Structure formats: C-alpha cells, structure tokens
Amino acid sequence: MVLDEAALDARGPERVEAFSDGVFSIAITLLVLEIQLPNLGENPSPEALITALGSLWPSYVGYVVSFLTIGNAWINHHNLFRLVGRVSHGLLISNLLLLMAVGFLPFPTALLADTLGKPGEQVGVVVYAGTFVFASIMFNVLWAAVKKVLRPGAPRSAIEAINRSYLLGPPISIAALVIAFVNPTLGIVVIGGLMVLYLLPRASGT
Amino acid sequence: MVLDEAALDARGPERVEAFSDGVFSIAITLLVLEIQLPNLGENPSPEALITALGSLWPSYVGYVVSFLTIGNAWINHHNLFRLVGRVSHGLLISNLLLLMAVGFLPFPTALLADTLGKPGEQVGVVVYAGTFVFASIMFNVLWAAVKKVLRPGAPRSAIEAINRSYLLGPPISIAALVIAFVNPTLGIVVIGGLMVLYLLPRASGT
Amino acid sequence: MVLDEAALDARGPERVEAFSDGVFSIAITLLVLEIQLPNLGENPSPEALITALGSLWPSYVGYVVSFLTIGNAWINHHNLFRLVGRVSHGLLISNLLLLMAVGFLPFPTALLADTLGKPGEQVGVVVYAGTFVFASIMFNVLWAAVKKVLRPGAPRSAIEAINRSYLLGPPISIAALVIAFVNPTLGIVVIGGLMVLYLLPRASGT
Amino acid sequence: MVLDEAALDARGPERVEAFSDGVFSIAITLLVLEIQLPNLGENPSPEALITALGSLWPSYVGYVVSFLTIGNAWINHHNLFRLVGRVSHGLLISNLLLLMAVGFLPFPTALLADTLGKPGEQVGVVVYAGTFVFASIMFNVLWAAVKKVLRPGAPRSAIEAINRSYLLGPPISIAALVIAFVNPTLGIVVIGGLMVLYLLPRASGT
C-alpha cells in the first residue's frame, strides 16, 4: 500500500534501519547453523571427533567469508542510510530487494561449504559469486533510490566516494563469477580477498 | 496484565514497533532455511548438483513470494504505526495476533515448496492462501484498534487510503483461496501478482 | 564486569529493552520451526497430505499457546520497564535469568507438541508447566529488582497492580503443575485459559 | 567502503548497538535449538521419555553456561559502548570480529553437549575454551578501538575498571584452555565458575 507523498515525506528512516538491522543480524547469526558435525554414532573416539572437526574446514571458510560479507554489507548499508533524508516508496522496495539477497546468503554459503574441495566445487563457487553479483547490483539500485531522497547537507565527498565504490561492485563481482567458471579456487580467493580489502582501514588510518 | 488507562496513555508505540520489527525480520530471514538441497551422498558430480539445484525451483518461488509478502506486510505495518498516538491494550493484542500470522508463514511456505508441481499442489496452495486470508483479516482488526488511538493530526487522506486498501484485502485473498480450490496454479499466480501489484509505485511515482 | 554505581546511574534502560525485545521476538518466531510435516516420501497423495496436516494439531496448539505466552510475557516486560528509572546490576542479571526462561520455551513447546494425545502426554505437560513456574518466579525476581530503581513519578496504581498480579503468578502456575500431575489435559486447559484471561481487556475496555 | 573521517565523526553508535544487540539476542536464543530429544519412535512410554529428558543433561549445562556467557558478553558490550563518542572504521571492524566469536558460540556449545560425559569430552571442552580465548582477545581489540573514540567526560573510574577486567580475560581463558587439556571436567568448572563470578554483584551491592 502506498501512502500520500506528503505523508511519506514526514517519515524518518529509523524503522527501515531497525528492520534492516534485524535481517542483517539474523542472516549473519544463522550462518553458524550451517556448521554441523557429521553423525559419528553414540560415543565417537576423540580421534574420530578431531578428524571430523578438521574435515569441516570448508564450513569454517564459508562462515568467515559470509560473516565478513554480510558484516561489510551492513557497514555499507549503515553508511548509505546516514545520507537518507526521508523514506520513499522506491527506497522501501529497493531496500527490500537488497535484503532478499542478504537473507539468501546462508544458502549459497551452505552449498559452498558442502562442495569446497569436492567435484561440485565449481558449482558451489559459481552460485556463491552469482549471489554476489545480484547483491552488488541491488546496492546500486538502492543507491539510486537514496540519491533521490538525500538529506540536506549530505557531504558531497561521501556521495562521490559511494558513487566510485558502488560502480566497481558489479564489474568486480561479475569478474569473480567469470573467474569461478575457469578456476573455482581462484574465484573464492578473489571474493575473500575483496572482502578483506574492503574491510581494511584506509591509508590515513582510523 | 492490564495497567491503568492513564498510565497506558503515556506510552508511545516505539517498543511495540521494535518487537514487531524483530518478528517481521526474523520470519523473513528464516525463509531461507526452508531451501535445502536433497541428500546427494558424499561426492556428488557437478551434473547431479546442477540438477538438484534446478529441482529446487519451488523453494525459490516460495522464498521470493514469501519474502515479498512479509516485506509488504512490514511496509503496511510501518505505515499503520505512523498514525498511532498511544498504545492501548486492544492494539497490543491485535498486533500480537497479526504477528502470529506473520510468524506462521514459514510453515505454509515450506509446504508450498514441498508440493508445487506435485500431486499435493492444491493442498499446498490452499493452506498458503488460507494463511493470507487470516493475515488480511488480522490487518483489519489491527486497523480497527489503531483507529481508536490515532495520533492528533493523522492525515485524513492516509486514513482513507488505508480504509480503502484494507477493505479489499479479505475479499481478494478469499477469492485467491477459492481459485486455489479450482486451479492451484492460477491461485498462486493471483497471490504472486497481488504482491507485485502492491509493491509497484503509484502512477505519480516516488 | 560491574561498573561504578555512579556511572550505572546515568544509564537508561533502552538497550536492555532492545536486547530483551530481540530475545522475545526470536523465541516467538522460532516456535514455527517446531511445526514440521512427517516425511511422506517423494510424491504424497493429497489425501495423505491432508491427514498429515491434521495430525499436526498438537503442534498448532503448542504454537498458539506458546505464542500467546511469550507475547503476554513481552507485554508484561513492556509494562514493567516503563517504570524503570535507571539500570542496576541486579536488574541486568534478573532480566537475563527471565530471558533464559523465555528463550527455553521452544523446547517444552516442541515436547508438548510431540506428546499431546500420546502416552507421554503427562511428561510433556508437566515439563511445560514447570517452565511456567520458573518464568513466573523470575518475573517476581525481576520485579523486586525494578522496585529498587523505579523512575521518579512511577504511578502508585501501576505498582500496586503489578504487585497484585505478580504475586498470583507462582501459586497459579504451581497449581497448574500439580493439576498436570493428576490430569494432564486439565493442566494444559488451565494454562491456556490463563493466557486468554490475561490477554482479555479489562471490563472498562480499551 | 570507508567514508570521510569528518563524516564518520558525526555518527553516533546507536545503529552499531542495534546491529550488535541483534546478533547477541539471536545467538543467545538459537542455543535452545541445540537441545533436542533423541528419536524415540512414534509413541514412547512416559518412562522412556523421562530417561531421554534426563540424558539431555549435557545440553542443559551447555544452554545455561552459554546463555550466561553470551548474556555476560552483552553486559560487557553494553558497558563498553556507553563510553563511545563516535564511530570509527576500526570500531566497526573490531566489533564485527567480536560478533563473529559470539555468533560462533552455538557450535562449540552443541559440541560440548554432544561430548560431555563421553570419550570425546576433552575435545569438546578444549574447543569451547578455545572460543573463549578468541572472544576474550577480541574484547581487548575492541576496547583498544573504543579507547581512541571515547566520548568526552567518560568517567576515569569506568575506564580503569575495564582496563583491569579485560587484561585478566585472555590469561584466565588461556588457563582454562590449558586446564581442559589436563582435566576437561575441571576446565568446564573453571569456565562455569568464572561466569557466575562475573555475574555476581560487587561487595557494595546494587
């Protein structure tokens, strides 16, 4: 249902942020449910347990990469909404579509963890990179909606920094997708490396 | 436990919104847990994996439809609570009953995903549409409670827009339920179409 | 870690409320995960599906009773924290212990749903009622902590209403526990009836 | 993506707190999902049910210890953020890494519950204690980031209390890890005891 433009104008983004924070924090916390020990019978020996814990390494990789991905997406979302002056219908919808990508991430993460180091590895990495492509496009759609409802006094430098950064998102994630088709291991390294790079403080330090 | 009317008067709806935001965001994020690969053994071939991923299409449909449904319900809830001036006991109870419908949605979604394209399809669509009917009735009950505690200056146009829009909810969802009894595929198309329609910006654009 | 009394004095209860809202809303939304169809094979007939959906009635009862229970507990918590002036260490700890009871409820709910109408029914109802006893005691412990940090101007009538209402909690829930030992069906009816009673508006209406 | 220092300066920690509250409250509520009855067939006798409920004691221990652990971590986080004046990139990243440890806790909790009183007990306790070590180190990293962005007027006494308390965290949790290698039961007693100790009010009372 869409209300009057005038009525919408009066709305601040606080509840949109609260709802989004909920989705981000749940998606990031659900990731741990994908880490599961294989069934080892009633009383496994310590050695069997240690071997099983070791064999879960793809799950640990998936947990860390996806935790950093969703955490980084949240930081981006946080920075974006600092610039929002009022809530438009376009903002609500594009935000919902971005959250749909974020909320979906536990599935490709589980697939990645199930396939790393196995014959289906390429399928797992391609699906994972594909979700990335979708999310990076959705971030640009959301950004286009935010730019129509900027708050007065939103710093020009922040807008330009986001412009630059977001334009790079889709080509880089599409590149990771293409690389995954050629060499899945390299594809996941590119995605993991991107995450670390994004999370590093700038040269000036903070 | 019910407190003094006078004491209740002083309460703003912020915590009711926070609790509701939690339920909405969790219900929408739990949907992804219903997307699960069938057991393919230890080392499935890439081909087997791709076939299995493709066979999950009813789960993807369920995820998208339910994500849009809960997202749309949240937008409605958001618009409704902008008009609330104070919290009444009736508001708390009717809000709780609406959340009971929202929180239930992952179950009919899983049922739908398990039955689409299979003999039990009709059962799945009917249960799904039935949950819709319940939710649309609960939205009207909540709206009746909100109208008793409107904030001063709530715009007349917004109230009338909600009146019109909510009155249509139960008959349309009952229609989808009836259609589902006759033709389940058409029933799910009607529900999906309604969601997209509700989410489209108005002609004037936003 | 415990900080200075003086520093604690300055703290408002907003973040304690936000954390508690999170636990309440997650516990209430997790309840739906306990409703699960039995494995019916690949392509169950519509009749088999309908029978299976019908046989889930104990899960529906569990969902509704527990949803109303947690919802009612949240309303109580909401009313209680309206009276809080500052956050004490005792408030944090007793709140945490109450949340431990709330967060535990999905387990006895699942047990109840697994046992209603079966030989183990009594065990299920007794464990459920026992969780109620624990929660009602914890509400009194929390209330004792709240009374030490009341905000200035907390209405005397609200304090007395809570005093009366909370004192009844433990004896009534212990009574339900005793009844469950004699007649489990009656025990669950008493608990369900209590919930409905608590949620009804007072005679004066709201 | 990192924005201008000047722009960051203007940001309050409210949304960081909301996101963190979400992760804490979800991690603490997910713990109950690890308590699961073994499959007892269709109609277990009351005696079989009671035996099964009794045999779940390691799960109850895991639930209580992890609930107190995450609850205690939340109280620490709460106290820490009261001192934050502005959000820096370093704060966001170190907070994310701490949340990664908190969100991981349901996994070692499940492992602990699966191994207590069984041959693999030592493995379970060592992994659990290891997660503690990681979390206590991350709390110190976060604290180092917070100290760079203290709010004006943050009480000296609170800062010194945190300094003292946090410095003890890593050595004590490493000690628990070492003890777990020698005597797993003693290791879990040390961790449990630490939690109770941390949660007790100080001598002066609150």
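For clarity, chains are labelled A, B, C and D in written order, and residue numbers in each chain start from 1.
We adopt the following convention: contacts are C-beta pairs under 8 Å (C-beta built on N, C-alpha and C of every residue); 3 or more make two chains touch, one makes a residue touch a chain.
Computed from a predicted structure; not experimentally measured.
A.B. asks: Using the touch definition up top, find the fewest steps from subunit B to subunit C.
C.D. replies: 1
A.B. asks: Check every other chain and keep only those touching both subunit A and subunit C; list them.
C.D. replies: B, D
A.B. asks: Rounded to the nearest 5 degrees, what is the angle of the rotation that puts subunit A onto subunit B, matching CA atoms?
C.D. replies: Copies differ by a rotation of 90 degrees.
A.B. asks: Same residues or different residues where subunit C meets subunit D? The copies count as same if more than half of the interface numbers are shared.
C.D. replies: different
A.B. asks: Need the CA-centroid distance for the pair subunit A / subunit D, whole Å please.
C.D. replies: Once rounded, the distance between the two centres reads 24 Å.
A.B. asks: Based only on mean CA positions, could you tell me how far subunit B sits from subunit D in angstrom?
C.D. replies: Going by mean C-alpha positions, subunit B sits 34 Å from subunit D.
A.B. asks: Subunit A: which residues touch two or more other chains?
C.D. replies: 18, 21-22, 26, 30, 33
A.B. asks: Note which residues of subunit D are touching subunit C in the complex, please.
C.D. replies: 17-18, 21-22, 24-26, 28-33, 35, 37, 42-46, 48-50, 53, 63-64, 67-68, 71, 74-76, 78-79, 81-82, 155, 157-158, 161-162, 165, 198-199, 201-202, 204, 206
A.B. asks: Hey, which residues of subunit D end up touching subunit A in the complex?
C.D. replies: Touch residues, subunit D against subunit A: 1-8, 10-11, 15-16, 18-23, 26-27, 30, 33, 88-90, 92-93, 96, 99-100, 103-107, 110-111, 114-115, 118-120, 122-124, 127.
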